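There are two complexes below, and they share subunit A, which is joined by subunit B in the first and by subunit C in the second.
Presenting the complex of A and B:
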């Protein structure tokens, strides 16, 4: 087995929240103001439900998702579905990957870095794409504890500057705006589809479901607290702070004496963040490989092709990331909903027992 | 083997024409002609005279194998029937006696290799703990291990490798504790090695982990029998090579580098502090020069304002860019380091003066290097030696990180670190992940990793090694 319960829990609790701490807080603050946690809460509930469904499914079968599909609909259909997921993961990776630019501009560089600098990410990503799932689990073992400590410290630095009265009165945003923002923020809550592709690659043990769900809950609570604190620190100017995580701790009183210690914490956290950004690329490679039924030695072509495509696309988009984010969020949420929420739940209808 | 001594003599002379192969001819008390063949310089001639020649001079019996065997009454005596066995025994340093009328040779275990005393190895000095070290002689090294394990479970299996050198390699393990799979794999890999000569154990280590060469160690080494035995007791397999004081152990885990023998002789709190210090300083030593360069080039906010002003004043007017300045300083350190290892000891003092004063202070005064860079590199240079066994890897990593930092900044450093993590978590040695117990997390093994629990709490052997018997300490 390539993953174990502990690693799944670390992924759900320690990696799922990371992509939600960059552009999402300012976007939510822009549309829902001090109620920014409400859309996030709804999406977490939705995501949690899908995750629970996949975990329960894993308790009923030891088949992989591909086996489930092919046993129900035949191999050809299963390959087509995997091909669609291959493209979907690639597409879903675009926004978080491009979002990292905002973090980099804010936390890693004083000036806007050359787009060429990002080639390093894709080089490491190609290497990662050629590794087995076990590598991802072990990386989570090592990096999640480090990033969790870094995030907690960062959170502690920011609390001293937070004015939590800015969050009151509660529930002032009209329901329509909350619903719109919920749909709009969906591209940041697509993690629940990933465990579907871990099916058959981890051994379901007694307690796996509640351990992973508890871990997910802790991660979700952290994000909600982070959102609240972010708004409590910046108040009405929060929508202007695009890279929330690099802004939240910058007013720590000791900064003059010891430098931007919050940045050091972000660097510690970013190992996990970059790793997690690479997961959709890895999944895309695996899906396309399954779709075309190619041998392992050809993985390198998928990995290079996918990364090169995203990198080239970045050259055209790197000045318009905010517009790109709006475009993807507004027009593509049905696609996200289908692949990340509906299909994982519908997987219950597939033939779980061995013929 | 022939019955006629003359024929055996001719065969030996033909097989061993080298000048250092000598022979001594004499007659027994009953007039049987005998001849001893031996390799000069590696035989105890006194013992040979006392225990072999003297009894035979008094021998009055016939030329019979059994009677001669009993007359010799030598503890390490065996008969060989083939020429090839006799030749091998002579080349190993054991004289072979031929008697006219006897169709076998007597191998006499009077090998005496010139050897140095058992002293403390210079590379593994300790303040507290045993000081004995391995030497170049295999038998002595095996004896040192045997002295520490008075159990029939301690097994030595000697193999020979090297087409020309025929070097003896002893595979050492505790039966019932070491994984059988690992023992088999080690023996298989050593036996499969096709090499001319094995001057040192490092040659054997290449065969223990075939495949792509790695920047990281594949096999752990030690020159101290106490460390070697501690690893064997944990369930590892040890390899002793004749002619080398460096013993090898597998499977190798990176965490071993942060465990010093002294950690087990001091209290666990002190040991934990020292381990955290080692890993903290090591990481700083690798990444600090790179962070310094990246901060100057790409993210000045990282440096506190007052320190930034100090740095600004010291780098003012420097002809080199921050990355080049640090690179030059680092190269000077590497050169000094390399030269100080190789140069004769009596010029060592001169080197210190040249290194510290001329290259350090004068370069700063001349405005070629800045004081912060020199301080930083000095710290980094010292820091890497907190884990000296990893120095080959860490000094290279420091250079690569510096290059990445100068090109891409902190983003590059983080991604390079991530690349290392991805690489390392996938690396396994004999089925044990080298980053265990951190990746994958092995709860039990964490008790003797960065945090050192007391001996009473270390009830189980490290699980990551895959020992056949996990219990190390029984419940009281």
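Presenting the complex of A and C:
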């Protein structure tokens, strides 16, 4: 088995929340103001439901998702579905890549660097795409505790400057605005599809479900708390504060004396960010490999091709990525809903018993 | 396969190293970058004049101290004015280290945010930078020499430091806080109003100046007054006593030296452990702003000589003096509320308080003038 319960818990509770801390806070504040935690809460409930569904499914079967599909619909259909997921993961990686470059640019550069500065990530990603799933588990063992402590310290630095009364009065945003924002924010809550592809690759033990769910819950609560703190720090100017996590700690009074220690904390979190970023690339490689039924020696072509594709796409969309993100968020949420939410739940209908 | 993997890894390492080195080893060309410590904004008609105070590192044979120079640029927008500095000096102004923005007298006569929003947009600029306005042009203000520091920006920042706020003498504000007030429901804010106090040339002169170097008049900076803003325009000024009073009500304080007059003698009481409470309620069908504050006071000094026994019991102030302090502190708070009403600057955030407590109630334009208020002060001996 490639993942154990601990590693799965670290991924669900330590990696999944990370990408909700870059552009999402300012986006939510723009559409829902001080009720920014509401759309995030609804999406976390949806994600949690899907994750619980997949975990319970894993307790009933040790088959992989491909085997479940093959036994129900046949190998051809299963390969087609995997091909579609391969493309889906490829495109779903674009927004996290953009957010990550924005974070690094905002935190570590004072002038706008060339888009090539992030090219190194793709080289490392190609390497990781050729590794088995257990590599991600082991990296999570190492990186997630470090990033979690760094995140907690960053949060502690920001709380001193937060005016939580700015969050009141509660629930003043119209319901339709909250609903629209919930759908629009879906592209950042796609992680619930990942565990579906871990099926059959981790040993389900007694207590796996509640441990992973507890970990996910802690991560979700922390994100909600962070969203509240973000608005408490910035108030009405919150919509203008993209990649707030790179700036939110700078108001701590001690920063003037000892320097920008918050940047060190962001640096410590970067490792986990990169690990999370590489997951959809790895999943895309695995799905396309399964779709085309190629041997392991040809994985490198998928890895290079996928990374090159995303790199080129990002390079050309670099200055219009905001419009791309808006377009995708508004018009493509049915696709996200289908692949990340509906299909993992519908996996319960697949034939679980061995023929 | 292993040899192939090894070769690929070596090639990858070389390739990655190439990416690292294309950053020119991360060197900053110091000849082309101007590190801006402070920025001043003035307005003349449609044009903005930006005065940037740049740090000029000196070589070790010149004493090793950092000096500064002021360069100005003019343009229709602040961005254009900064570009003009680049065009005329060849230096690209780096705002990453800029921690002070001085708003000149001409800028605050109208919407000050016309000049400030550039800095809010700029991702590289810290919105933790201190804002201050002055009674002269920002250019003249930044160019002033000061005996406390070689660089006027750093001297001003020292005056507006957290220590000043804790002792209640100044009310420092950063760009983030001012922006929240400007874009919030009250459209109000305040900034420290700094004035130059001329110092007589004397012991403060350096040896170079005494040996016939150019004598530059030195100034100290006094930021005990506070300018009030409504919709970005300066609409009033708080006196130093009012600034002190406001700080007791709204900021964390350590010890605030509060002057009290009692039977012709001037006393200074040290206000500590202030517990202010600002709230709104409905009274007689109208919005009422209620101020309640409990303060502990200790005797710091008086203008008359005291018996040794009185000095030894310095923490205790007599009941009569405390009663006078109660009265005078109440008067100061009332004067602040009246100033807020006249100027339309919602100093105490009444609009925000009302919005939180009565979210369905819409405030009229003249809510400050129409509201009732009550002040309850309880000064106790420490």
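The criterion applied here is as follows: the second predicted complex is superposed on the first by the 355 of 355 C-alpha atoms of A that agree within 3 Å, B and C clash if a C-alpha of one lies under 4 Å from a C-alpha of the other, contacts with A are read in each partner's own complex, and residues count from 1 in each chain.
The definition used in the following text is that contacts are C-beta pairs under 8 Å (C-beta built on N, C-alpha and C of every residue); 3 or more make two chains touch, one makes a residue touch a chain.
No experiment lies behind these values; they were computed from the predicted model shown.
**Q** Between subunit B and subunit C, whom does A:165 touch in the aligned arrangement: first, second, both, or neither?
**A** second
**Q** With both complexes superposed on chain A, which partner does A:110 reach: first (subunit B), second (subunit C), both or neither?
**A** A:110: touches subunit B and subunit C.
**Q** Classify the contacts of A:271 with the two partner chains as first (subunit B alone), second (subunit C alone), both, or neither.
**A** first
**Q** In the overlaid three-chain picture, which partner chain does A:240 touch, first (subunit B) or second (subunit C), both, or neither?
**A** A:240 sits against subunit C, while subunit B stays out of touch.
**Q** For the three-chain arrangement built by superposition, which of subunit B and subunit C touches the greater number of subunit A residues?
**A** B
**Q** Could you say whether A:131 touches subunit B, subunit C, both of them, or neither, answering first, second, both or neither?
**A** A:131 contacts subunit B only, not subunit C.
**Q** Touch test for A:120: subunit B only (first), subunit C only (second), both, or neither?
**A** both
**Q** Show me the subunit A residues, by the header's touch rule, that subunit B contacts in one structure and subunit C contacts in the other.
**A** In subunit A, positions 110, 117, 120, 127, 256 sit in both the subunit B and subunit C interfaces.
**Q** Which subunit A residues qualify as touching subunit B in the complex?
**A** Interface residues on the subunit A side: 4, 6-7, 104, 107-110, 113, 117, 120-121, 124, 127-128, 131-132, 134-135, 137-139, 141-143, 256-260, 263-264, 267, 270-271, 274-275.
**Q** Across the complex, what residues on subunit A touch subunit C?
**A** Subunit A residues touching subunit C: 106, 110-111, 116-117, 119-120, 123, 127, 165, 168-169, 172, 234-237, 240, 247, 250-251, 253, 255-256.
**Q** Which part of subunit B faces subunit A closely enough to touch in the complex?
**A** The touching residues are 298-305, 307, 404, 408-415, 417-419, 421-423, 425-426, 433, 435, 438-441.
**Q** Can you name the residues of subunit C that touch subunit A in the complex?
**A** Its residues touching subunit A are 12, 15-16, 19, 22-23, 94, 96, 120-121, 123-124, 126-128, 162, 174, 176, 179-180, 183-184, 352, 355-356, 359.
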